[in-house]
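Data block below; observations after.
Going in written order, the chains are labelled A, B, C and D, and every chain counts its residues from 1.
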Amino acid sequence: MSHNSFGHLFRVTTWGESHGPAIGCVVDGCPPGLMLSEGDIQPWLDQRKPGQSKFTTQRREADEVRILSGVFEGRTTGTPIALEIQNTDQRSKDYADIATRYRPGHADVTYDMKYGHRDYRGGGRSSARETAMRVAAGAVARRVLAELVGPSLRIRAALVQIGAIRVDRGRWDWTRTTENPFFCPDAGTVPLWEDLLGEVRKSGSSIGAIVEVAAEGVPAGLGAPIYAKLDSDLAAALMGINGVKGVEIGDGFEVAQLRGEQNADPMRMDDGAIVFESNHAGGILGGISTGQPVVARFAIKPTSSILVPVPSVNRQGAEIDVVTRGRHDPCIGIRAVPVAEAMMALVLADHLLRHHAQNGWSLPRVRLSEA
Amino acid sequence: MSHNSFGHLFRVTTWGESHGPAIGCVVDGCPPGLMLSEGDIQPWLDQRKPGQSKFTTQRREADEVRILSGVFEGRTTGTPIALEIQNTDQRSKDYADIATRYRPGHADVTYDMKYGHRDYRGGGRSSARETAMRVAAGAVARRVLAELVGPSLRIRAALVQIGAIRVDRGRWDWTRTTENPFFCPDAGTVPLWEDLLGEVRKSGSSIGAIVEVAAEGVPAGLGAPIYAKLDSDLAAALMGINGVKGVEIGDGFEVAQLRGEQNADPMRMDDGAIVFESNHAGGILGGISTGQPVVARFAIKPTSSILVPVPSVNRQGAEIDVVTRGRHDPCIGIRAVPVAEAMMALVLADHLLRHHAQNGWSLPRVRLSEA
Amino acid sequence: MSHNSFGHLFRVTTWGESHGPAIGCVVDGCPPGLMLSEGDIQPWLDQRKPGQSKFTTQRREADEVRILSGVFEGRTTGTPIALEIQNTDQRSKDYADIATRYRPGHADVTYDMKYGHRDYRGGGRSSARETAMRVAAGAVARRVLAELVGPSLRIRAALVQIGAIRVDRGRWDWTRTTENPFFCPDAGTVPLWEDLLGEVRKSGSSIGAIVEVAAEGVPAGLGAPIYAKLDSDLAAALMGINGVKGVEIGDGFEVAQLRGEQNADPMRMDDGAIVFESNHAGGILGGISTGQPVVARFAIKPTSSILVPVPSVNRQGAEIDVVTRGRHDPCIGIRAVPVAEAMMALVLADHLLRHHAQNGWSLPRVRLSEA
Amino acid sequence: MSHNSFGHLFRVTTWGESHGPAIGCVVDGCPPGLMLSEGDIQPWLDQRKPGQSKFTTQRREADEVRILSGVFEGRTTGTPIALEIQNTDQRSKDYADIATRYRPGHADVTYDMKYGHRDYRGGGRSSARETAMRVAAGAVARRVLAELVGPSLRIRAALVQIGAIRVDRGRWDWTRTTENPFFCPDAGTVPLWEDLLGEVRKSGSSIGAIVEVAAEGVPAGLGAPIYAKLDSDLAAALMGINGVKGVEIGDGFEVAQLRGEQNADPMRMDDGAIVFESNHAGGILGGISTGQPVVARFAIKPTSSILVPVPSVNRQGAEIDVVTRGRHDPCIGIRAVPVAEAMMALVLADHLLRHHAQNGWSLPRVRLSEA
């Protein structure tokens, strides 16, 4: 049991505070013999890197990852892979008054409630900076999936809603997500979000968002019944991203309004294999993957680090109004997109190794009766 | 790592199939010296028991729980508590054609994909019957919380939506939940649901629902950063209930549409203690409890065991239409209400013991600076 | 984390007290599709059963095991396997004065120190009766090893020393172990032990012993570096058997007196495969199996339940002399022999599944360079 | 589950290879608010540091530890503590022919068997260099024990045997252990060991040894029944130290020759508390600490890196004789002494937190009946 580890067989342990000397993680359980270099990890980190547009924090971190162990002559050895990023832009002075003033909606106060002593600089351990290591570890998980499943397994995420403005699903185009600063799959929505976020930023406020993540090519049979369900682990993974308040799989909350025959995905045969005619289930039935795309969404709240004053208290018990200066994201949902992909990769890699343990190395498949 | 265990320090391992000789669980880690008898567990099981109204399955199980170990002279000994319920009403013949026909929307097909061999009778291990043991273990967790936190900690759940019909929150009255077969907190909604479910049942279909669960009196400071967040564990717990497709905490998916100042819960002092003026956060900030009520909701899909035919395939790879006879719940959300309470109790008991491990036995509290 | 579970991927959780209604265990993680019935388990339990000779306790338990879940139509389903044995011969009255009198050398006092409340009847949870479930679970592990490795993997144990009398290794014959009540591999030693134990029993005392367990046909490559070493897990498994005070692998404590060249096992090629010319290592190097027999030994103390009075105290803090009546084994080492085999099977099955998770289903082998 | 983590609630994950850029560890679960700085860790590392006498390897490492997270303003924050040591003296060229030649008695061959690809430089992950991080983490565990138990808890280890030469227990003096390069508690034995090791070194060989570790002031009640026994965890911890082949607690293998009344430690009352009149049990009964000193011993084999040629094979399958040049310890038992202390500290800290979780923060004590 560990508070700072994720996964069981593909297990990631992260460490580090926003303004400490470095952040890092240890990836344990990675199969041996996989090609792996910093070049496999850095591009994913670059996606998440702050300071890439005026819509994300202006903090500038090179976020250069270094592999310190577990890889020899370009291939994994099966021993723990240590990854590390030096923190370079630590303007701790910006955070001087966070030391004693609790931002409403922020973990400042609960960390103090729990531990009585915390590194308040930049949010310390509660900073979203920790998610850089999830992205780094997720890149290793992608290598595992690429080698053990193959290139058919593809994980992609997109921002689908900011405030009340949703993307038009009829215009969904994955290639668009790399062409705008929002990971938006619908070019038509981009200018609307630009206007909205411009206004939010000018008013010193922040706004919530919804992210969707999908994994295509997931082998059928991943997951496990009861307490190690694929959707259960995915829910934990996504709810654990900073600021997330809701998670859904497939049709999600819409299922409340459906009848049984509307919600069930009909099955048919195609070339000897079972195919589903719809994907209300989001690729998971009974906690086990069906072979269809695994689709999840999560809602992420507006950051509590805003210039709009909110009534609060300080460590000394005085009532104050809190205004948070410093460099913050007006919509933290944007930079959560690469993190969503990483968490999906981590969950799938872990479940793939779990499946191997109990069911063998060969990928699961529908086994039709021989008769 | 275990597929069939829940929790870390207050750890529950369940076993058993719907139509096997019995179902059971082992509760490990329970503190010693607590008063515990079958009488503490049975009432919660009775709430979940099938066959109590025409809106739940007509399967009749006494669901009498027996404590087989871990309790001596009426008090827990700190050793594992084994609980067991005999299966008495096993009409296996009802399920004969489920053996080879995959119900669309059901785990039949994914269990076969994963394991290649399953106990198909009544859904076997994938049956919601397993949740009886969660309720039983949850009753033990309630005893832990009652002894270590006190009677101020109170866990309650209610059904808040069936189909498109939601309760009127203005008329919310917890006492109502025990007065109707739906665990509905709003008497005015009950007849509407009766009509709706009557129609659903008559048409041989089923319908989805939304359940809300709240824990009042949760001490501040429970939870842990990063990967053992209280909300993350709660999301896993609730998403792991059969048929759940979405989970939210506090304002949930609504946060996407909020500004920072709308979502942040202002803090004020009251008699030397921090109080929050609203609870958008659902009692959790940064993965740690604030001392406010912990509030979660989840959406549960319509059961796939319906009389309406849906296109499917069988084990031999032939295309068929599936109609599921037998005794099924038209709205599985109803009987999920006691399960929701149980999962909340299990998560809180586990996190309470975790907190003890790292931070000591005394309950967490806001520690204001001595200065 | 669980106090009453063993193993990680092949995970056994036991429950039950010596004089409760039953004892049982849950085996989680067993691969699906294996043939398994009570008939695969009962013979191993019968070996450990009390009352089979005058040298073991006269308590009579049928020790009939029942499979309650996880097996359908004779094959495992991949879901948890619950095993249960009813306790039939519970003469609780025999133990009346153990309730308040601490047997020197027994866990009576430490259970009270830790928990303040215990089931004292027959030692409750600290009774060696719990080891029946290890033997039962070990039988399931044997099925896993038989299916996944094959019949070449063979686990056997023997008693090699009682008091100062050791077997003559020159006369070692495994077939002998089934022909005498001591699991003694040397027929010549049997009458010496009979005399010794007769005398010990007459004097109302007890005596220590040493057990050796060997697994032949273990594939090379099982185990893991650092904290999941095969020898480390084996040491934990054997030290966890009631009364064990020392564990050694291969040459064990003798290595202290060896030079490097004496202790190293030379390697040679035989038909394209690496062979070792000796087995000082006991089949494990760097925590990983070499393919040679895995050999371990452990010392087990004389039971503290004796008729010879020993100075002690009672729960009320009075000084007393303790004499333990009731039915006890004069040499608990004897019945530890089947338990040793079971623990070896459990460790190997767990490590086999671990190996599958990280390295794939195919058995590990020496991979010589292709060049 | 993790191959490279130790402990459950006080959990250490190590990473790094002998000749990689650095080695490190993450300590998760440390209580918040403890004073901790590099100065608390470095002295213990210095004890283990190579190159301090002619009887240990001449490799020179500064072994300067750096705390990278989890400590703020001199006190722990309850978040993960990352420790790191740069590798400075990496003469990789020394190890060129280890790449393809398997040292008999070394993990070279089994790592290749398991992973097929390894960092052979200096033994890579199998090098005893990893134990530096155990010592570092052990120093953090000592801080936990010092704060939560107090200065009465004292952990010390000594070398008690090299080859056939044992210390004279009649002359045991703990203060001596810091005055000679062998951690020898008996000044009279030191010149004998000097002569022996001088001869061993000159002959290009190596020799085995026995280490004893004792913890005084351990509170009664630590440990847990069945599979989390204090002795079981201690056995795993010590057997996991590189080269260890045997572990014993208290009288260890001697118990085989004892009668029940000889082995049982009589109890008497002293000032209202239970006292034991001897300590055959080594401070542990039924897996739970008695309050007496916890005493363990382990045998460590002679290193396989020697100048004496031993028949072996290479990666290409050719038969060769292996001679290992480079800088090696003639008796690796010496530098295992500080590691033994560290492992004892890690096991005790983990069990202390476990005890807190289930039994509360207050230290366990013998609870005599109020009557």
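Operating definition for what follows: contacts are C-beta pairs under 8 Å (C-beta built on N, C-alpha and C of every residue); 3 or more make two chains touch, one makes a residue touch a chain.
A quick map from chain label to UniProt name: A, B, C, D = Chorismate synthase.
Treat the numbers as computed from the prediction; the structure is a model and nothing was measured.
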item	value
Interchain contact steps from subunit B to subunit D (minimum; 1 if touching)	1
A-B against A-D, pair bridged by the larger set of C-beta contacts	A-B
Most remote chain, CA-based centroid, reference being subunit C	A
Between subunit D and subunit A, distance of the C-alpha-averaged centres to the nearest whole Å	39
Approximate Å spacing (C-alpha centroids) for the pair subunit A, subunit C	45
Chain centre separation (subunit A, subunit B; CA means) in Å	26
Residues of subunit B engaged with two or more neighbouring chains	1-5, 8-9, 14, 29, 32, 78-79, 114-116, 125, 225, 354, 359
Interface residues, subunit D side, partner subunit A - complex	1-5, 8-9, 11, 13-17, 20-24, 26, 28-29, 32-33, 66, 68-70, 72-73, 75-82, 114-119, 124-125
Residues on subunit D engaged by subunit C in the complex (per definition of touch)	1-6, 8-9, 14, 100, 102-107, 109-116, 125-126, 130, 161-164, 200, 205-210, 220-229, 231-240, 242, 244-269, 272, 274, 277, 280-282, 284-291, 299-306, 308, 310-313, 315-319, 333, 354-355, 359, 364-369, 371
Touching residues on subunit C, where the partner in the complex is subunit A	1, 9, 29-32, 78-79, 225, 353-354, 356-362
